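Labels for the chains are A, B, C and D, by order of writing; each one numbers its residues from 1.
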Amino acid sequence: MPEVALAIFLLPIFSFVVISLIIRPFLNKRPQLSWYVTIASIGASLILSLWMLVEVIKAPGHVLPMPDYQWLVIGDTSIHLGVMADSLAAVMLIVVTVVSLVVQIYSRGYMHGDPGYCRYFAFMSLFTGSMLGLVLADNLLFLFVFWELVGLCSYLLIGFWFHRPEAARAATKAFIVTRIGDFGFLAAILFLYAKTGTFDIGELQHLALVGAIGGTALTWAAIGIFSGAVGKSAQFPLHTWLPDAMEGPTPVSALIHAATMVAAGVFLVARLFPMIASSYEAIMTVAIIGGFTAIFAATMGMVMNDFKRILAYSTISQLGYMMLGLGVVGVGVARGAVALEVGLALGVAVGIFHLFNHAFFKALLFFGAGSASHATGTFDIREMGGLRKAMPWTFATFLIGSLSIVGIWPLAGFWGKEQILSQAWHYAPILFYLAMITVFMTAFYMFRLLFLAFGGEYRGGAHVSLRESPAVMIVPMVLLAILSVVSGWLPISEFLGGESHSFFGALASPMAWASLLLAALGILLAYAIYSKKWISAESMRRRFAPLYTIVSRKYWFDELYENVFVVRILVDGIFALFHWFDDHIVDGMVNGIAGGTIAAGREIRRLQTGQLQAYGLAIFIGILAIIAFFMIFG
Amino acid sequence: MAVGLEHFLILSAVLFSIGLYGALAKRNAVVILMCIEIMLNAVNIAMVAFSRYGHLLTGQVFAIFIMVVAAAEVVVGLALVIAIYRSRETVDVERIDLMKW
Amino acid sequence: MLENFGYLGVFLIAALLFALTMIMLPPLLRRFGIVPKKPNPVKSSTYECGMDTVGKSWVQFNFRYYFYALIFVIFDIQVVFLYPWAVSLGQLGLFGLVEMAVFFLILIVGFVYAWKKGVLEWK
Amino acid sequence: MNLYLLAPEISLCGLAIVVILLDLVLKRKGILAVVSVAGLIVPGAFTLALWGREETTFAGMLAIDQFSLFFNLFFLVMAALVILSSVDYVSKFRAFQGEYYALVLLSAAGMMLMASTRELISIYVALELVAISLYALTGFLKDPKSSEAGMKYLLLGAVASAVLLYGMAMVFGLTGTTHLEEIAQAIPGGGLLANPALLLGIVLLVAGFGFKIATVPFQMWVPDVYEGAPTPITAYLSVASKAAGFAVILRVFYEALGAVSLDWGIIFAILAAITMTLGNVVAIAQTNIKRMLAYSTIAQAGYLMMGLAAVSALGSSALLFFLGAYALTNLGAFIAIIAISNKIDSDLIGDYSGMARRAPLLALALAFCLISLIGIPPTAGFMAKIYIFNAAVQYDLTWLVIIAVVNTAISAYYYLRVVKVMYLEAPPSEEAVPSSASLRAALSFCCLGVLLLGVYPWALLRITQAAVDIFFP
């Protein structure tokens, strides 16, 4: 079994090596080969992951014992490397391999004829491989290695179209911003090592549970680790990189948003859940940040006009949900409101179950975006419209995805969201209400997007002839559409140790109805504004017919509908404020620090006058300074 | 009161400071080399004084080695000065600042 | 302090006296007519023997002189080591002899190198 | 006295002399590089033959132990790599090729002595052997920049060695001996303030050696000299001479001044913080890649000094590991730069635009080395940072580690800028950049080493931990 586990993440890395060392230099006449290699390796990992899943299900307590190997010796303690094959790892493996495989299939159509074809698939393989390694790591150092590799790959892939300066800028931004979190993570790792003398996750969890590490020390460590997660899964205030990361190819966005990059953060919190949950302050921070991010990002999503940006903010919001789910259960555990073992398993189950479902419908939504822009050549939803007739498949699948993310019974999104809401209701009422409002907003912006892009008439340039995308792109979408219907029905939650849910029993709870009602309201509002244009659109046209005929531009009415009161108030009011805050304060701080450092460098540089004797003088001033230091502090 | 170790040490310190001043203040590279020699000889004085008053020969041996190495250093230094003078027509260290910042 | 510098003082006084006598003696001798007084232009020229200087004394030396100076250092260094080596050759014995031979050899390599590179020719 | 223990150094000096004499008679200078590299096998073989022995000879002046043998091997490898990477650079000279290689070999011999002597006089002589050869190499090109660099290096270096000697004189006068272990016994107790002579001595030693390892405020020479020197020599300076400085510091401060380790530990800690910060911050503002790497080496010296500040077996072995990782990484980066600047004849970062398309492998190697300098896995730089940070944390220097981590974040900015220019900008011309086989060999050696140490650091850690055991009997 250990060989299988190793093979799962080594295969894609191997395919990266093969592509970049053999195919790209020597066989660049036939770039298709790189696609086959990638598909083969990731497909193999998928099969192996399924095998492993079966083994884990059979294993007592859903944990497979794994051997580990001595890696290096620091001081007198030796660090062992190994893989962790428990239910959490098994589920994540399935998510990553399935989504990645589908994305690779889709990419063939999307990237067809791109000069960087080989490079693209090489990076994709490495990306998948390192994410799989991250999932399997049983040791913080090992995990951090893959953690950084994932960041590096996302840097390369976001900046894939480097001839576009904004792509380069977005890539650098993603890298630098996530690193800010990573340093907290690294510091926490070293700190924990200094305290406990081990990097082994299992041992650390055990030590935290028995209270060998605790108090403020544990809190700081936990918050440090969480800061890493905040950076990777784009939680407030380090979320700014994700919307810009749209500059990469759409399949990359799909992979990043669904399975690899951002999922890593949630996974990390889940993996170290027993440790983080042992500190009330830390887990409370997780819950609050999650809840706030969920609603904050939702407000952003309502004012965007870029197809992929809306989806990006929806991702941030959904990740906020997952953090919220983990957080609230943890709060319950920390308060002692729920038994320890039960609570720990439950938290992981709640968070990861939603991640599991989200992976499929989010990938699906991005494929829809890619397919739409493939036809229209733009991502601006104001220049789309009427795609429903032209691209029935895309529309149908996208509709399913939207319903799923909104959380309509019995689609996948419903189940995960339901659990999170009910847990929040038990342990953190305020956050629960925020989450409820977020449900409404989600419904609104998703269907605003749907109606503007697919409903109505086409508003783009006439020269574009709308055509449905090729089968190689449609098939994966259908596949994912099916998954994003049924994935919620799988007993993942129980498998992870969470609560089970009966298919119709879920409808018994009033909360389900409440959330469904809110979702319906959101959809209705979007429908009213953007599809039916009830709000006096027709009457206006009748009243101002002559004027209309004169000044009519085909955007005119749409702009009008953009400007109806609800949106107007929201846009000019609170959301615009948020947006400003996001752009200037949060983003500004990141940029400001960098700018300050650069300026400092420019100034200090002047000390280097090129005057030999000035350098000599510095030596002796230094000597005197050191002596003075001893005279004063010695 | 007799001439003791401390007098020699003071002498060497003074000499070292003089050399240092020259090395940092003079503008002619050759003169700077001379001043560095003065600093090294100040060290020699200290070494020999220690060995004389501590009755250890090591200090004198050290002094000999210092002289020798210093000579070698000066040779390379003069060679560089020649090279610079040929390419620049000056040995004024304040004007030798192509590279800065 | 003083007794240490006493000898130095005696030397100093002696030197001063000698110099003064050398300066004072000729005028005195002439004064008492012991030597005759027959001046002529040659006698009263700046240098009674040799010739007057031509041009300024600030002439720039060819940098080849520096090369010779650099070469000279090789042998200069040799000597520094030769003295202590010579006095204690007795204790050092054969090994010391060999060591010094090796040392010589290396310096000679340096000399040969300079020679072959044509540093010694005056082009 | 057992000459066999000195065999590596002797054979290396012999090799240097042979190369010089061959240069006088040979017509085809290309052979000289071959001879030099092939000849390095001899001292290497002697070193390996001595491996595992713990002896001293020449009245305790020369110590053969894991530490010195580790550094023997280290410097031999560095010399070989530098010579390999200089081949097509040097072949552009009309004359003086033999001298170039001979001087590199002689300085390597000096460095080996620096790591293995336990006596102040021989330390000084070895140090000057290194320094003088490097002065000559720095001014080797005889063009204005190069000779200016040589001049600055020599004058400042001479001043620094005068300072060092004064410190040595203080220590000698105080303890009446120049043998490190005897000094350790003769060191009077009662802290530094109790006897100012010792304080002065230690501070002057720190200054003198600090000049070699380029710590603030003794680093001012570094940028100018690195910019002016021939690029292979810049690489050599940045790894080998720095490593030699650290080796001799470890020797002197652990073997002779261990009694007052608390005092010099704090000096190094503070200097480390200042050094890494200044190096990184100023590096951001640079436009010349050699100059940028000069400041980056200053910053790296700051990280390295964390190993000195954390006075412990852990700290010093971390320091040695970091040295190994840093040497391979930095050398790799410089070799790539040599190849590129040979072609485009410029050191400006802007001129590297689109290098990924003109020289894919060179650009990849350079990017890889830069990533290792940032400290991103799976590279040697990452393991080295983890290891040395950990040592500092264990020694309760958490404040220093925090500063270092922040610095790492800053450094990512300017290293990545080069990567960005190479990969994300359009090349001025599609003309490919050639590189000689020897250079490619050296470069791939470095990159593979960096990768190996990043994935399996234990390969080197085992050796470094054995090497520092001599200081902690």
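To be clear about the criterion, a contact is a pair of C-beta atoms (placed from the backbone, for glycine too) under 8 Å apart; a residue touches a chain by one contact, two chains touch by 3 or more.
Since we're looking at a predicted model, the values are computed, not measured.
Chemist: Could you let me know which interface, B-D or C-D, is made of more C-beta pairs in contact?
Modeler: B-D
Chemist: As a quick test, compute the distance in whole Å between the mean CA positions of chain C and chain D.
Modeler: 45
Chemist: Which whole number of Å gives the spacing of the CA centres of chain A and chain C?
Modeler: Here chain A and chain C have centroids separated by 86 Å.
Chemist: I'd like to verify one number: the distance from the centre of chain B to the centre of chain D, where each centre is the average of its C-alpha atoms, in whole angstrom.
Modeler: 26
Chemist: I'd like to verify one number: the distance from the centre of chain A to the centre of chain B, where each centre is the average of its C-alpha atoms, in whole angstrom.
Modeler: Distance between chain centres: 65 Å.
Chemist: Using the touch rule from the top of the page, what residues of chain A touch 2 or more other chains?
Modeler: 605, 608, 610, 612, 616
Chemist: Could you pull out the residues of chain D that touch at least 2 other chains?
Modeler: Chain D, residues with two or more chain partners: 151-152, 155, 159, 223-224.
Chemist: What are the residue numbers in chain C that touch two or more other chains?
Modeler: none
Chemist: What are the touching chain pairs in this one?
Modeler: A-B, A-D, B-C, B-D, C-D
Chemist: For chain D, which residues are in contact with chain C within the complex?
Modeler: 17, 20-21, 24
Chemist: Spell out the residues on chain C that touch chain B in their complex, using ranges where they run on.
Modeler: My answer: residues 1, 4, 63, 66, 69-70, 73, 76-77, 80-81, 84.
Chemist: Quick one: in the complex, what on chain D touches chain A?
Modeler: Per the stated touch rule, the residues are 151-152, 155-156, 159-160, 163, 191-193, 199-200, 203-204, 206-207, 210-211, 216-218, 220-221, 223-224, 263, 267, 270, 278, 281-286, 313-314, 371, 376-378, 382-383, 386-387, 389-390, 393-394, 398, 401-402, 405-406, 408-410, 412-413, 416, 420, 423-426, 456-458, 461-462, 465.
Chemist: For a test of understanding, state which residues of chain B touch chain C in their complex under the given definition.
Modeler: Residue list for chain B touching chain C: 1-3, 61, 64, 67-68, 71-72, 74-75, 78-79, 82, 85-86.
Chemist: Residues of chain B touching chain A in their complex?
Modeler: Answer in residue numbers: 20, 23-25, 93-94, 96-101.
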